[in-house]
Each structure stands twice: as structure tokens, then as C-alpha cells.
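Structure first, then comments.
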């Protein structure tokens, strides 16, 4: 009986696991969520000494996580842009899923940022006394606005739940909100563009950190544009990857193959462009930017170990060029495993890029009497990290179960039956 | 629909005015001063004293603020007038030698630095500019303190005193900044903060 | 009404530290902590989570080690930490040349710490705690610490304020002269504090033996070092040490 | 953030940054408010039904949106793009008076598809309701045989009260059985006069001024459509529940609802009544 308890909430024409199995799936995530909540509580109550961050490693796992999930969450804005503005109508099949992913990524990032700062109750200071020259101000403003936009974009997805739909006013609001969605898609693109950029700018402007510092265009360092481009490149990849995972986990077909192909093709093109500009930027940095500031670039990699030249190679060639080529060649892209593998590699490449800018920048010494330092996060940091992952998993799972994340699912189920 | 709107507005305004009325009352706590004090009795025709006679500077330029008991006792070792307040003061503080714990209306937050010497001695700012005409008051104003911060009401934003006396400048950060801006004095946060 | 600051010409306070004299005793660190109400470290604190505004580093020169006290350099050009703060909790005061850090405004995002190449900024990882009775000895001219905020050396701002009060009392005009706690405490008199607008002091800072840390970054630090040992000067120009300790 | 807040500076940086921010905030707030206002207007004008059908139609699969003339084979594969309202459709208008269509429309009496009765004296709506003109000029609206069998003996249909306005393709009735609810679309424009007296129909309706039947299925067309529907239903049920096949000459059970599990019944209702 318990298996059918929520049947009235599940959309018609799609199949979902029995409720008990859903609970079984959700339980470990909920446990992780609780553990993370406890760690977050500790940090908020006692202070940040619960983390292994210190005066040198001022940013740790959390900032790395923020930058990464926000880059991956770019799939939301970019899919919206492709669908509503560039009219790539086949992407309608994943837009809801992309919105939920974006929402999860951004709200998770904001949540963990609130724990990461020393005085969360002063978060409004940035709005009240903004220093408009700081990249972090831009990030704060844009992320807040964009999270609002994502919440608004989530509303129609949410209102289409089977039970809520029975209330006529809900459906009417959903309809009218959906009609103006192009406005939100455009605004979201603008906001996301700026804060992806300012997250890159965050490190590119650090003139005291020659490892991260980059030459600029107007008021923005080159990392501003590279972060935007890389986020746009992996956004579709991440959407494809999550869709593929969802198909794997649920054992159902959720979108048509052409959607994967479109996502892969766009991702591949942008990734190739990104790799090209990243190479240019790296060459400029090695030959001009870093030496001009008294730091010959090759010295950054002399510490070896975790931060050797392999990291540069892995980031650009192995996890940038290779997936780009796979995604660009139609025959390779056509194979699902290869496509998803390439998408995963692209996501890893961007993750590594964010790792380099956050962790490696802080690990490298700037002063002559200093040395390379390593840092390993405390359990509280890992648990808070787990909190975000579990939160994302749960929100996504609930959304998948009760909302229509993949509108093609019903059609695909019928086509399959006909066969 | 209109009825709902009217109901909403009515409820909203009731809640708003209730909050408007109650929050300041809940937020501040009244504390008694140790004794009654009349400024005008000292500074008026009869007393003839100036502010600096009691509120003096020390040799290192710091401001002494409210005088210690010995300053009071210098004149009031025995009653000089007829008032009950004076008799009480002598009985409770002067004779047993107990320092009265005056509550300071203008006590600034811990992180603020206000050099009286720079303003009064060098800048020739009149006391009334910030403190208002407290020197002409006949009795002490009610001392109200913020429940959370423990800072007196006057530095937390109360502009007009309950005695009906004009308190010209005010002693909030905004008041400081307004005056400094008006006089085009270079300032950074650390000019006034510590 | 006369303008309060009008007769006060601006100052550019600076430090000149003689590395030949510094023997690494750490008196400056202690004096700094006492002056600025730095609480004793928590039992689980490490050298990397401490609240020291001033730290003395050992510089490996190949020969005899040198000691080098590092505090906030009060960078004058393109101050790296100032522009990055999202809410103006860092401020460069043109009247004194001191980079102000306002803990009450600070959110604790630590972006300024990442921006500082000298690692002169520290974070309050703990709630400050003083052993019973020790809070009686706190310096009233320096506000209490706050957990979750960033702070740093401000050239003993409380002492500057005290000097200003005294100057107003005495009717003196012009930039005030004072001595920060570290300079006062140094038994070898290695730390000198002065005003770069004072020609004599500025000339010493431009001395052939004088240098600044990471000058190539273009941050315009106002803490100068001086040494007669060429190998020390050479060692400070190096990159971070590779594989040591 | 605001000019009156300490720290604000009137310079290009602040004006650009805060200008953009406030513009974004205003646009977002304005758009949401506009959507709210339009929703409010839609509800006030009682147009929720139209919105409901629009949204539901969007969610139908191409198979479900198949043009009636594609079902009969008059046209090659074609999807309806008019939300099943053929009254303004040019293709429909052209085909309506063609010989082929006339042939389809011809016929009277009883027809059947796999055991489901399709009386030819009435017009059919794609949501499995029918309309029949009574002698007094009013209309009778009822559930067709498949709908009736689906709901079975335990099923109930909630009809709107007398005086309610019906509009084509907008939800008019609610079918209920074993806790499953499905909206049934109205086949006509008109005003409900009350429950129908004969057992077959659900309600009696006074037709609207411009009442037309061109959007409804009739004659042989209805039979072809019914076969298509049965096929669709069976495939979907096979997909979700593995039901028995009609293709091998089976017939639709009299009380279909009872044979189906709650879950199958739910799926079938959604498919039959176009309530996704």
C-alpha cells in the first residue's frame, strides 16, 4: 500500500519507482544531508576553526566547490538561451532538467558561501555598501539576481505537478509565466555571463598573485572571458551527462538521441574555441604577464608533486582538446558512451581549471622565505560539501519524480511500447 | 476582491502601527540615574559655572567626561542649597565616599573614537553642537538603553530629547559624517574608528 | 568654525627595518599582540591560524640566516586588498598613507587575504577569549576582536589617535609623530618608524642598501628593509623556497 | 547602493553598476507582476479552461495530436496545429466538402470498432464525448461507449450545474473512479440546461449562437478514429501494464474499468480523455 501512497502526485503516462524504493534511494542522501547540516551548524555556531582553512589557505574546498558547481550549473542559462533566444527547439526536452540543475547548483553555492564567510549575518553589507570595483561585488549581485531568476523559472516546472495543475489558477499562472520566459532567459544569460566572468575575474585581478593574475581587456582580466566561455562549453555537456545519468539510474529513456547530439555538438564547438583561447592566454601569461611581475612562469611548476606541469597538460589537452574532438566528430558523438565520456571529461576539465585557480593559486608561495603549502579539508568541510551534493540529489530526485523534467519521456515510453 | 483588499489594508495598517508603536518600546530599557542633577542650577546665574569647570581635559589631551565624586565633593561636602536632591546626594555618595555610577547619554560604541580635544580645543566646536542644550536642563533626561547592544538611545538614533530641549547635532555616525562633509574635512573610516 | 584637518598636512607613514640589527627575538611580535589586544592562541591554533599582525620570518640565505619581520606593507600603489573588498571594509587613507581595515564592516569573505602577496592579513578563526582578569589589561584604544573578520597591522592606529589628541591639546599642528609598539619594543632598535614626507627619513629609505619586498608586483609597499649583506638582499628577491622543511 | 547610504559615490562605476542592477531587478519584478496581472485577468474572465486545454495540448505527443484527416487516411501524416479546433482550419474546410469526406460522413445507424459501439446519429469529440441534436433544438452531450466502458459501473461523472457555460475543448465534466480523477472536455459551446432525461446522455445543452459541428467527428470518420483510439490505448496499456491485445480479435470488455488496475485505469483515462 505504501508503494502507491504518492501515485496521485505522479504525472500520467510515466512510470516511477514504487514509493518504498524511492525512499530507499533518498534515505542515504538524507543521512548525508543531516551530517552536513550538523557540520554547518558547528561552523556557524563556533566559527570557521572547524575547517582546515588558515590564514594562507583562505579559500578551500568550499570556494572550489562554488566555482565548480556554478560553472556546471551554467547549463541552465545556456540551455535557456539556446532554446528561447536561438530557438533550438529540440532542447525543450531538457530545459526543465537544466533549470532544476541550475537551481540546485546556484542555491547550493549560495548556501555554502553563507557558511564560508565569517559573518553571514552581514551578507547584506555587500548590497548596502557595495564596492563596485570588486569582482566579488559583481558576483554577489549577479548570483543573487540569477538565483531569483532561477527560482522564477522553476515555478512553472513546479506548478505543472499533477496535483497542483488541478487548481486552475496555478495552471494559469504557469501559462502566463511561461509566455514571458524569454525575458528571464535573456536576463539569466546576462546575469550568468557577468558572474561567470567575475568569478574568473576574481582571480585574474589578483595583482599580488602572479600565478593567477592575467592581462585585461577593458576592466576585465582575460580569465573573465575564459570562465564565461568554459562555462558555456561545459554547460550543455553537464546537461547531457546528468540526463544520461538519470536515464541510467531510472532505467528509462528520457530524451531523444537528437537532443544528445545537439548538446554534444554545441559543447564540442565551444570547447574547442575555449581550448584555443586558453592556449593563447597561457602563452601570453608564460611569456609576458608572469615574468613582467618578477615571476618566471616555469618556476610555478617547479614544486612538482600535485602541482606539476601535468596539471596544465591535463587541463588543456587531456580534458579540453580530447573531449572537444570527440564531441565534434559526428561518428564518435553518435556513440552514447563516447559522448557521455567526453562530456564527463569536459566537466572534469573545467573542474580542474577551477581547482587550479582556487587551490593552486593559494598553495604557491609569493614570498621568498615562504614555501609550497598543502591543505587537506577537515571532515566538517567534506560534510558541508556532502550537504550540497545530497541537497542537489534530493531536489533533483523529487523534481524528477513529481514534476515533468523530461517532456519527451511520455512519448518515448509510448514509442517504445509500440515497438 | 475589493473586500479582500480593504481587509488586507486594514490588517496591514493595524499590524504596522502596532509594530511602530511597540518596537521602540520593546527595544529600549529605561535605567535610573544614581541621583538627580540640575545642570541649570550650576550653570545658571546662581551657579555661574561653565561646562569646562566640571567636564575637563586631562594633560594628555583626553577628555575626562563626567566629573568624579571629588569634583562634586569639592563644593558639596555640605549642602549648599535647600534641595532634597542635594541632601540625598551628599548622604548617599559624598559622606560614604561612594562614586556615583552616572549613566552617560553620549557613550559611544566601543569602536568609535571621538577626540574632544580635536573638536573642542582645536576645532572650537561648541558643546551644544552635539550635546544640545543639556547645560540648561533642570533635571536629567530619562536614560534609555538598547536592550541588545547596551548603548544609550541618543547614540542609537534618537534626535530630540524628551525634555523638549533642542539637541542640535546628534551623536550618531550619520551626524558626525554630515558635519565632517559639510566642513570638507578629509576623512577615512579610521579617522573616527579604532 | 575652523576646519579640523585643514592645518594637518598629510603624512605618509613608513617603516624602515634594519635586517642587520634584527636578531629574530620576537619582542616586536609580543609588543604588537599586547598593544592590539590580540588574545592568546587557542589550544588547537597553528602558526597558520594565529592572529599575529607581525611575524618574523627566517630567511635562508645560504649562509647565516637572516630574520625578516613582516607586517602589512601599507601598499601605496594599486593597493591589492583595497579594490577587491566587496563592501569597502578596506580603505586607503590618503591623509596618513595607512591602509585601514574596518572589522565592523568586514564580512569575513577573506578575498583580501587571497589578494595580499605578503600574507599580512589574518582571520579571526575563533571567538576571542582572554584568561580571567586579563581583559582588565586590554588596550582601550583598540577595539575588541570579532570572530569571523579579517584584520591586519595598521601601524598602531590607536597610538596615532592618542598622538592626535595630545597634539590638539598642546595646540600643535602638522602630522603627528608617534611610535608603533613594535618599533618601541625592539631591543636592537631595528625598526624605525617615520614619515616619507620627512626628507631625511625618505632619503634613508632610498639608501642603496634599502629594498622592499616583491617590488616587481608594483604594489608600492611602505615598509622598507635595509641590509648591508648582499646575499640577504639577493635571497629576498628569490621565488618561494623549493622543497624545504 | 542608494545615494543616501554612506559610502555612495556619484561616479561612472557606481552609476553603471547600480544602473544595471536596478534595471535587472525592475525588469524581473515587472515581468513577474505582469504575469501575475495577466493571470488575474484570465481568472476574472473565466478563461482558465482555454489555458488548461492549451497547456494540455502542448503536452500531447505527435501521435496524440494526429490530424483527423490523417487518421482517416485522407492526408499523409500530419499533426494538428490548431489545438483540435477545426472550425477555422483551412485544410479541414477544404476537405469537408470533398467527395471523400462526404463518403466518410455517410452512413447512419450503428457501427462498431472492436466491439465498441459507434452510433452514427451523432457527432464525436476527440475527448470521447458526443453531441446529438434533439428535436427541440437543444443538444444532448454524453460519454461515448469507450468512455462509458472505461468508467464502468463504479465510475461517476460530475456534471456542471444548470446555467454553466461550456466551451469547446475546455474541461466540462470530471470523471471519478476509485480515487482517480480525469477532466472530460466539452464538445460544444453552449449553456447547460440541466441533466439529460434519457439515460444515455449526461447533460442537455442550449447551443451557442454560432453553434457549428465542423470540429466534431462524424460517420465513418468517427469509426476510423475510434479504431485509432483503441489501438493507442492498447499500446499504452501494454507499455505500462502489459494488458491483453485487441489485435488478435479480442473485444473491449463491457466494464473495462473493473478489469484495469488503478494504475492502468489512470493511464487509460489520461489517454482517452486527453487529460495529461
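Lettered A, B, C and D in written order, each chain numbered from 1.
In this text, contacts are C-beta pairs under 8 Å (C-beta built on N, C-alpha and C of every residue); 3 or more make two chains touch, one makes a residue touch a chain.
Computed from a predicted model, the values in this text were never measured in an experiment.
Trainee: Looking at contacts between chains, which pair has the highest count of C-beta pairs?
Mentor: Ranked by contacting C-beta pairs, first place goes to A-C.
Trainee: Quick check: how many Å separate the C-alpha centres of subunit B and subunit C?
Mentor: 36
Trainee: Any idea how many Å lie between the Cα centroids of subunit A and subunit C?
Mentor: Once rounded, the distance between the two centres reads 40 Å.
Trainee: Using mean CA coordinates as chain centres, what's the gap between subunit A and subunit B in Å?
Mentor: 54
Trainee: From the mean C-alpha coordinate of subunit C to that of subunit D, what's the distance rounded to whole Å?
Mentor: 76
Trainee: In subunit B, what residues contact two or more other chains?
Mentor: As it turns out, subunit B has no residue touching two or more other chains.
Trainee: Among all residues of subunit D, which ones touch two or more of the remaining chains?
Mentor: 6-7
Trainee: Give me the residues of subunit C that touch two or more other chains.
Mentor: Touching at least two other chains: 88, 105.
Trainee: Looking only at which chains touch which, which shape fits best: line, ring, star, complete or other?
Mentor: If you draw each chain as a dot and join those that touch, you get a single closed ring.
Trainee: Throw together a list of every chain pair that touches.
Mentor: A-C, A-D, B-C, B-D
Trainee: Which subunit A residues qualify as touching subunit D in the complex?
Mentor: Touching subunit D: residues 4, 7-8, 11-13, 15, 127-130, 132-133, 137-138, 141, 145, 148-149, 152, 160, 166, 168-169, 171-177, 179-180, 183-184, 187, 190-191, 404, 407, 410-411, 413-414, 416-418 of subunit A.
Trainee: With touch defined as at the start, can you tell me which subunit C residues reach subunit A in the complex?
Mentor: 42, 44-46, 48-50, 57-60, 68, 70, 78, 80-81, 83-89, 105-111, 113-119, 121-127, 146-150, 213-219, 235-245
Trainee: Write out the stretch or stretches of subunit B touching subunit D in their complex.
Mentor: 173-174, 177
Trainee: Taking the touch rule as given, give the residues of subunit C at its contact with subunit B in the complex, in rising order.
Mentor: Residues 1-6, 10, 91-96, 98, 100, 102-105, 141-144, 154, 157-158, 161-162, 164-171 of subunit C touch subunit B in their complex.
Trainee: How about subunit D: which of its residues touch subunit B in the complex?
Mentor: Per the touch definition, subunit D meets subunit B at residues 6.
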